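Before anything else, here is the set of structures, which you'll find just below.
Below, chain A partners chain B and then partners chain C, in two separate complexes.
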Partner chain A sequence: MRKFLRQSAGTIIAGFSNLDSWVHSSRTWIMLAALYLLCMTNALRDERAVQLAIGSAASLNLGEIVFLQGFRGFNFGLSTMIFLVMMSTFPKRSAYQEYCMIRSDRRKWFHGQMIYAFIMCLLFMVLVILFTASFSAFHFPLSFEWGEFILSGEASFYLNLFIPNDFLTNMTPFAATLLVCLPTLLCWFSICMILMLSNLFDHPGAGIAAVAMLLISNYIFIQAQIPFYPLHYACSYYFYESNRIGDDTIRMLLFHLLVNGALYTVMRIRLWRMDIAAEGVQA
Partner chain B sequence: MIHISNLTKVYKKQIVLDDITAAFEGSRIYGLVGPNGCGKTTLMRCICGFTLPTSGTVTVNGKRIGKDCDFAPSTGVIIETPGFLGHFSGKRNLEMLAAISGKANSKRVQEVIRMVGLDPEDQKPVGKYSLGMRQRLGIAQAVLEDPAVLILDEPFNGLDKDGIWGMHQFLQRLKAQGKCIILASHSENDIALSCDAVYQIKAGKLWLQKENGRVDQ
Partner chain C sequence: MFRQELKRIFRSGNLYIALSAFLICLSASAAQIWFVYSSSEDVSFLSAMFLCFAPVFFGGTILLVPFCAAISCSQAQADEMTSGNVRFRVLRCGYFRYSAGKMCAGMLAGFVSLGGAFAIHTLIWHLAAGPYDPVNRPDTVLQFVEGTVYQYYLQQPWAYGAYLHAILGFGITGALWAAVSLLCAVLMMDAVLAAVLPVLLYYLWKTNFTDYLFGFSLPDFTGLYNDGVFWPDYWQALIAHFLLLVIVWIAYGIVLKRRIRNA
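And now, the complex of A and B:
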């Protein structure tokens, strides 16, 4: 047990050696500022839309406004672009990583990177929710129940959203927010896997370009009203259309499991036979 | 301790290491000399397991790299410029590395930091260290778990005159403890002062140049 805990700690430390350079990068702080402004603008947009429609934004409460933002993937295209810029150097292949590797093995190093990526996605999601809530707390009443404005279907009409009945009848806004964040969270994790794949194949720029192209093509497909969006499974706004949350959620989970399973397999095969070279030093 | 057999490494159709066979054994210091880009670092990376051979085998402490293990067991390494987490102290950096292997405790971390002439209580972040201090910390991380083999690429870089002399004495102490050390340096003086045997590497070929005063041309 002790050996297992020690090995797990080692695996996580190897992954979290990325964190030091990430936290101390000016890019991270600029992107966090941009993220706060984005969350603020998103909430403000809905506040104005409701104000224009019925004269008062007070018909929406804090729990609902956070849910509505999460339902749109927190403005999926832009928030994902910010996430992409923040994570673009992942995984950092520094001399320190080599010191970590020689004390473990390739598999543990790889798993450490995956754990780090998943925790960063969670952290980013928590930050997005906190930013949205911290701004909205001053503009919307503090309540965590569905209000009449959403239950009556008016919100769907004025905000041009289709909110499935399952959310309104079976869940609180908080539980619904957690569920609608899941597709976005898994998509961000898949993005990290794509970045890691391209990095392991020594073409880190290719992963960034591929994800950026995917985001842009997604926007084009939506604007051109082409039925299949490249990131259909990434954002609940486009995903929960059939009003069958349970089935849709399982379908979405399976999709991400398959994609990430395939990426994992390719990376494990690559990692087994690849040369490891530090790209630079951190200190 | 280290057995290299018919090692060849090809990068983008260029032969970097060409059919190298060598053995590095016992408590000795081996020097590697050669011009820039001749393959010294690639050979060291192959021994560590960071770079995998195109053909041939590397065995370290009885384990074949890439087959029995991913990286060389019981081996301390500095390859090129030492890199650390710049916003943590030297002690914190080493403690995190020690946690990965689980083979060194906090007391040992302090001991190795003192051994290389740094202060374990110094809270200054590594990012503010001079190149010489980083080099010393790099040596400290290499010897942290008391490995049997040390692979040191340019360990004298950034050290002042006293620092270089101290490093020579430190290497002799490690040798006396039974360690097998492979040392690469562009300074022939440093190699001559420390090493029991000197290997020349050029155009991917490796040969013994000098051993205990005996010179082979």
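And now, the complex of A and C:
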């Protein structure tokens, strides 16, 4: 166990050495402020909509409102854009990163980056949920059971959302929230993998451009009401038309497994052929 | 300086990427309506007027406005700031000529990227679906709320005033958001933030966050092209755009001067 921990230390250190440049980036703090405002407007907009519709926001509870936000991917387009900007320099190819790569090995360095990316996605998701819950806590009663308003289908009508019955009959709001957050979380992880791929090929801008194009084309496809859109299985949108949540969730997991597996394989091949070069330094 | 800047902007691909993205978003939405209704017996939706304006009012084109306006001009400004090239350019032509040239060219790029995209979109559907002609095609008559801006334009032949109004409205909105993106570029000195910050500001304004936070609403910034707008709202939106533009221009000048002196 100790040997395993000692061997893993290099991997973890290589990954988390990104954290320092991430924290000291202006992009991070500006985007965190934007995320805070985004969560605030999302939560208050729902509260206003329910209040206008039936005169009181108390008909929804905290668990339900967080679920509804997660069901929309926490305003998927904008929250993903914020995440993309925050992670846009990932992995930062600083001299220290290259040093870590030489001291451990390329494979460990690469796995460290993947672990770091996944933990950052988790952290971002936790932040989004916390921000949303912190605003909603002032306006909605604290409860973790489905209320009459949502069970009767009135919430779907007033908030213009189709909520599949599987969520309401088989799960608590907490479990349903975890399930609807899963595709968004995996989508953010896939974005990190794309950014890492482009960075390993020495074209960091290409990854950002590719993801931005994907988000914009997804938006255009949805607005044009074209039945299939690029991120259909990559985010929580597929729940909108889903009648069998279990089957669709497995399909979504397979989709992400295939995409990330392909990206992983390409990056592993690239790693062995890659020159080690920090910013302005060639080794 | 202005001419040189215009050449740079119009020769770079960013302006055309912005124009294409906005045009695709508008026309793809109209094409979907066209394909659905052309095979049915209901032809009331198949006039140029409806197909031109439906993607704006019922689609999500509005959210692409600041992004397209921003990428048309802000990237060059951010690159100049980060590379330090801005100081050499200011040395050559002077601070006032540089800032005025940059701002005017940027605003023109924003105007062309949005207004131009809408003009092309109008032309496409005018040719494809036929003009708005209630006399010869009474089944395509559209109804707007009494007293709104577009209702006034329906009385003109082919309702051409409505198209010009929307082209101008999109153009002015594009010019304003291009100016905002230039301000973000000199403020943050980051090409990514210069493109993204206007989108976030625009979205927050759209969701009326001042009402949630402070209890007052800002004028509707879609008032220059939206369909449910009355004339007083239109003038209010125009004045708000003008005032904001003046504020942004002054802020741009101050920040730019500070950056050049202390960078």
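Quick note on the criterion: the second predicted complex is superposed on the first by the 275 of 283 C-alpha atoms of A that agree within 3 Å, B and C clash if a C-alpha of one lies under 4 Å from a C-alpha of the other, contacts with A are read in each partner's own complex, and residues count from 1 in each chain.
Basically, a contact is a pair of C-beta atoms (placed from the backbone, for glycine too) under 8 Å apart; a residue touches a chain by one contact, two chains touch by 3 or more.
Because the structure is a prediction, the values reported are computed rather than measured.
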Clash or fit: chain B against chain C, after overlaying the two structures on chain A?
fit
After the superposition on A, what does A:Glu154 contact: first (chain B), second (chain C), both or neither?
neither
First, second, both or neither for A:Ser17, with chain B first and chain C second:
first
Using the superposition described at the top, determine whether chain B or chain C touches more residues of chain A.
B
Can you report the vertex angle at chain A, computed from the C-alpha centres of the three chains with chain B and chain C as the arms, to the nearest 10 degrees?
100
Name the contact category of A:Arg27: first (chain B only), second (chain C only), both, or neither.
second
Just to be sure I read the superposition right, which of the two partners does A:Ser94 touch: chain B = first, chain C = second, or both, or neither?
first
Per the contact definition in the header, classify A:Asp166: touching chain B only (first), chain C only (second), both, or neither.
neither
Could you say whether A:Ala224 touches chain B, chain C, both of them, or neither, answering first, second, both or neither?
second
Can you give the closest approach of chain B to chain C, taken over C-alpha atoms and in whole Å, for the superposition?
20
Can you name the residues of chain A that touch chain C in the complex?
26-27, 30, 34, 37-38, 40-41, 44-45, 48, 77-78, 81-82, 85, 88, 208, 216, 219-226
Help me check something: in the complex, which residues belonging to chain C touch chain A?
21, 24-25, 28-29, 31-32, 55, 59-61, 63-64, 67, 188, 190, 192-193, 196-197, 199-200, 203-204, 207, 209, 212
The chain B residues in contact with chain A across the complex are 45, 48-52, 69-72, 75, 77, 79-88, 93, 96-97, 99-102, 126-127, 129, 134, 141, 145
For a test of understanding, state which residues of chain A touch chain B in their complex under the given definition.
3, 6-7, 9-10, 13-14, 17, 20-21, 23-24, 94-96, 98-107, 273-278, 280-283
